[in-house]
Each structure stands twice: as structure tokens, then as C-alpha cells.
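Two complexes, one shared chain (chain A), two partners (chain B, chain C).
Entry: the complex of A and B
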């Protein structure tokens, strides 16, 4: 919804806002694109930023690819389209095998909510109280926390991995040495790399 | 409808390709133990890295609001777990703190 609300304020049409969500389907980079458009950055710059910002999905896709059966090959192009922070986080904490139908249904729900949210945000945005719209921004993070908590309760390793990743990513963002979107990629590679080292040492389930 | 469509298509392309490629390389490779261990860490690490700086950007003018909101999700997750109540509850808590702060 928030994307639709913001899109309207930056002056793009309803159809364009709809196409952003329906064709690109990548939350954070769409917000950044609106921001860059408003500040007059050229298309090339916006597309390059999008590539950098969304490159974390390369790592998320790698994880999901390692958990799906290669028999699903024909569905890969569809499954890959739906890899977002949200679908990844739900899929990665689902125990047991990931079936094709489960993945596609989950991703479709996420997709439909994102696109209808964009359209309804664009149309209704002006009528909702500003404070409520702001508060709704917390929902995404609360969902991530809710997914993470059962894991954290089970093993301190999950907690250490998540906390150190959060700290490193915050530090990298604060230092502002890498282009937008790269600090999270570097964080994922570095912290998972260190984690893998310990994991292999102990041979224990993370 | 002007040339914004080219921007949308360009963004879609550079978003889709990195999402698609791993499916065709990972399933062909025989993964080493270490790389498998690396991938197993990715979910925790990715979520941690998304949450910790991200949550501060929700209500930048009243940081306490998003912190108390996410605090509710953490506490509720510790005690009870689940998804709907932590998510809706944290929105409500954030909203109430914002109201109380009078951040109109």
C-alpha cells in the first residue's frame, strides 16, 4: 500500500504505479526508484541502482534453489520471479521439503497483495490518516521478527548470526562506503561465510 | 504514459536475472559441504541484516515508536509465537506511541 501512496505523491500515473509493482515486483528498489526519479536521476542510474539493491535476491535465490527438487525445472522461471524478501523469509523457515505448489501459492499470494496494495494505496492513500500509514511500515519488520523468533528460541546460533548481521549491516550503512544495496550483500556473504566455518567445525545443525 | 515504461522494463530485467540464474546453476552443481553450510546461514543473516537498520527507518522522527512496536513483536514472539498478533499488534503499538507523542 505504501508504494501506491508514495507513487501518487510523486506524480506518476495509476497505470505506471501498477506496472512498477506488477512487472518489477521488488519493494525496496521501487521506493528507491521513485526517490531517484523525484531527484532527477537518469534511467541508467536508476537501473544500475536497482541491480545493486536487488542483488541480495541472488543469494536468497541460491538458498531456495538448494532446497528445491530439480524436477521442478519448468517452474523455475515462475518461482524465481517471486523471490522477494518476504517470500524468501517464509520459505526459508518452512521445515521439510518445499513443494512446487506450496512455493507458487505462497508467492502468488505475496504478488497479489503487493499489486492490489499498490493500486488501493494509490486510490485510498489520501483518505488514510498519515500516522496510520506510517505505523503500517512496521508490519514488514514485525513479520521478519515473528519468523525469526522460533529459530532464535531454539538455538543461540540463529541469534548470533542475525544480530551480528544486523550490526555489521548497520555499521556498513553508517560508514556509507559502498553503493546502495551492497552493504547487505557484503554482510550476507561475510557473516554466512564466518558462520559456515563454525558450522563445519562443529558439524552441528544451525 | 511516456518513456517511464522503459525504466520499468529495465528495472524488471535487472531484478529478474539475479533471481533466476541461481536456480539453473545451483541445481546442477554438487554443492560442497562448506557452501551448503554457507547457504544454511543465509536466512538468519539476511533477516538480521534487513531488520536491524530497516526498523529505524519506519518512524525516523519518533524512533521510540518503531522500537516499542518491534519490541512488542519480539516479546510476543518469545512468549507465544505466531504471526498475525505480533504483526497487527506491532502496527497498533507503533500507532499508539505516535499518537501519544502527538507527531501530527
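Entry: the complex of A and C
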């Protein structure tokens, strides 16, 4: 919804907004691309930024690959298309083995809601009060927090690592050392690596 | 400056995004069973990714969003219902924007 609403305000057509969601299907980078288009950044700049912003999907899909049966190989090209922040959060916090049908159903629901949300957001955009439009952004973060909590309640180590990752990424972004998108990748690899190393030493079960 | 075609931007973004998603599966396929050390590292990825996405946004978007995020955090301690947490978050931001000029 939020993407459709925002897309309308930047002046792209309904068809273009629909295509963005239907073939790219990557929330954060779509918002960033709208910004870049609006500020006149060229093709190369947008593609490179997209690569950096979405590089985290590489980490997510390697994680998911480690959780599924290798018999699923033929479904990988389809499953891969649906790896998003949202589907990843849900999948990663589900206990036990992930079945192919579960992943595909989950990803399809996410996909259909994203695309229909974009179209209805674009159409509704003109009618919604400005105040509500501006308040939509928090919903995504609220969802992430809600997904993370059950995990954090069980393990303080996970909480500590997650919070240090948040601080490190914020610090890296603030200091502006790395190009946008890379700081999150560096943060994740560094903190997860430290976590794995540190807790292996103490021999604790994760 | 030459006006760039949005269609090409969409196609380019789609290809590059799909590449980032499928490459993780390729890697896992090539290497087969991952070493234990790598698997242990992967276990910590979900939490770290999520907080890494949220934290800068919370810091960057000002007091209202930071307070609303904290409220969502408190609510999620009490309730595992995602919809309740999301609706409350949006409601808090909308109300605060309306009544507190920041």
C-alpha cells in the first residue's frame, strides 16, 4: 500500500508502479529507486544502489538454503524470487524443517498482497488523508519487532547480538564510511561471526 | 540530462535483485553441506538483519518514530499478535503527528 501511495506522489504511472512491485518485488529498494528517479539519478546509479541495498538477500537465501531439504533443489529458482525481508523473517522464526509447500504458500501470499497493495495504494493515494499516509512507514518496523520478540524472549544472547548489530549499523551509517547498503552487510557478517565464535567457545546451545 | 526510461530501470532492478536472491541458493548447492562454523554464523543472521534494518530508521526518522517503535517493543512483550502491534504503531504515530508539533 505504502509503495503505491508514494509512487503516485512521485508521478510515475499506475502501470509502472504495478511493474515495479510485480517484477522487482523488493520493498526497500523500490522506495529508494523512487527517490533516485525523482532526484534524477541515472540508470547505472540506480542499479548499483539496488545491488547494494539488496545484497542482504544473498545472506537470507543462503540461510534459507541451510534450512531446507536438498531434494527441493528444483524449486530453488521459484523460492528465490520470493525471498524478501518479510518472508525471510517469518521463515527464519519458524521452528523445525521448512517444507516446500509452506515456503511457496507464504511467499505467494506475500507477493499477492504486495502487488495488490501497490495498485490499491496508488488508486487510494488521492483520497487518503495526508496524516495517515505519512504514518504508514512505522507499520513495517512494528511488524519486524513483533516477529523478533518471541525469539528474543527465549535467548538473551540473540537479543544482545541483535542490539549490537543495530548499534553497529547505525554507527556505520552515521559515520558514512561505506556506500549505502554495504554497512548492513558488513554489520551482519561481523556480528553473526563474532556471535558464532564467542558462543562456540563457551559451548552453549543456541 | 537524457531522460531515463523507467521500464529499463525496472528490468535492470528486477534482474539484479533476483541475482542477489538466487546466488545464496547456488552457493549452498555448490558447497553442499556447510561447515559447522558457517552454519552457526547463519543462525544469528535473522535477529541481526532485522535490528540492523530497524535501528538506523528509528534513529533517522526522529522522536515520534523512535517513541512509537519503543511502544511497539513494549506491546510485543505483552502480545504475540502482529496485527495488534502494527495497528498500535501506526495509531501512535498518527496521533502524535496530529497533536504534538515536532
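Quick notes on this structure:
Heads up, the rule we're going with is that the second predicted complex is superposed on the first by the 206 of 206 C-alpha atoms of A that agree within 3 Å, B and C clash if a C-alpha of one lies under 4 Å from a C-alpha of the other, contacts with A are read in each partner's own complex, and residues count from 1 in each chain.
Convention: a contact is a pair of C-beta atoms (placed from the backbone, for glycine too) under 8 Å apart; a residue touches a chain by one contact, two chains touch by 3 or more.
Computed from a predicted structure; not experimentally measured.
Superimposing the complexes on chain A yields a three-chain arrangement in which chain B and chain C clash.
Contacts of A:78 after superposition on the shared chain: neither chain B nor chain C is touched.
Once the two complexes are laid over each other on the shared chain, residue contacts for A:14 go to neither chain B nor chain C. In the superposition on chain A, A:106 contacts neither chain B nor chain C. By the touch criterion defined above, A:40 lies against chain C but remains apart from chain B after alignment on the C-alpha atoms of chain A. Judged by the touch definition given at the top, the superposed model places A:124 against neither chain B nor chain C.
Comparing the two complexes, residues 12, 16, 19-20, 23-26, 29-30, 33, 37, 43, 46-47, 50-51, 54-66, 70, 73, 76-77, 79-81, 83, 85, 88-89, 92-93, 131-132, 134-139, 141-151, 153, 158, 161-163, 165-170, 173, 184, 187-188, 191-193, 195-196, 199-200, 206 of chain A contact chain B in one case and chain C in the other. The part of chain A that touches chain C in the complex is made up of residues 12, 16, 19-20, 23-26, 28-30, 33, 37, 40, 42-43, 46-47, 50-51, 54-66, 70, 73, 76-77, 79-81, 83, 85, 88-89, 92-93, 131-132, 134-139, 141-153, 158-159, 161-163, 165-170, 173-174, 184, 187-189, 191-193, 195-196, 199-200, 206.
Of all the residues in chain B, the ones that touch chain A in their complex are 1, 3-12, 14-16, 18-28, 31, 33-55, 57-59, 65-66, 69-70, 72-74, 77-78, 81-83, 86-92, 94-95, 98-99, 103-104. Taken in their complex, chain C has these residues touching chain A: 1, 4, 6-14, 16-18, 20-25, 27-29, 34, 37, 39-61, 65, 68-69, 72-73, 76-77, 80-82, 85-86, 88-90, 92-94, 97-98. Residues 12-13, 15-16, 19-20, 23-26, 29-30, 33, 37, 43, 46-48, 50-51, 54-66, 68, 70, 73, 76-77, 79-81, 83, 85, 88-89, 92-93, 130-132, 134-151, 153, 157-158, 161-170, 173, 184, 187-188, 191-193, 195-197, 199-200, 206 of chain A are the ones that touch chain B when the two sit in their complex.
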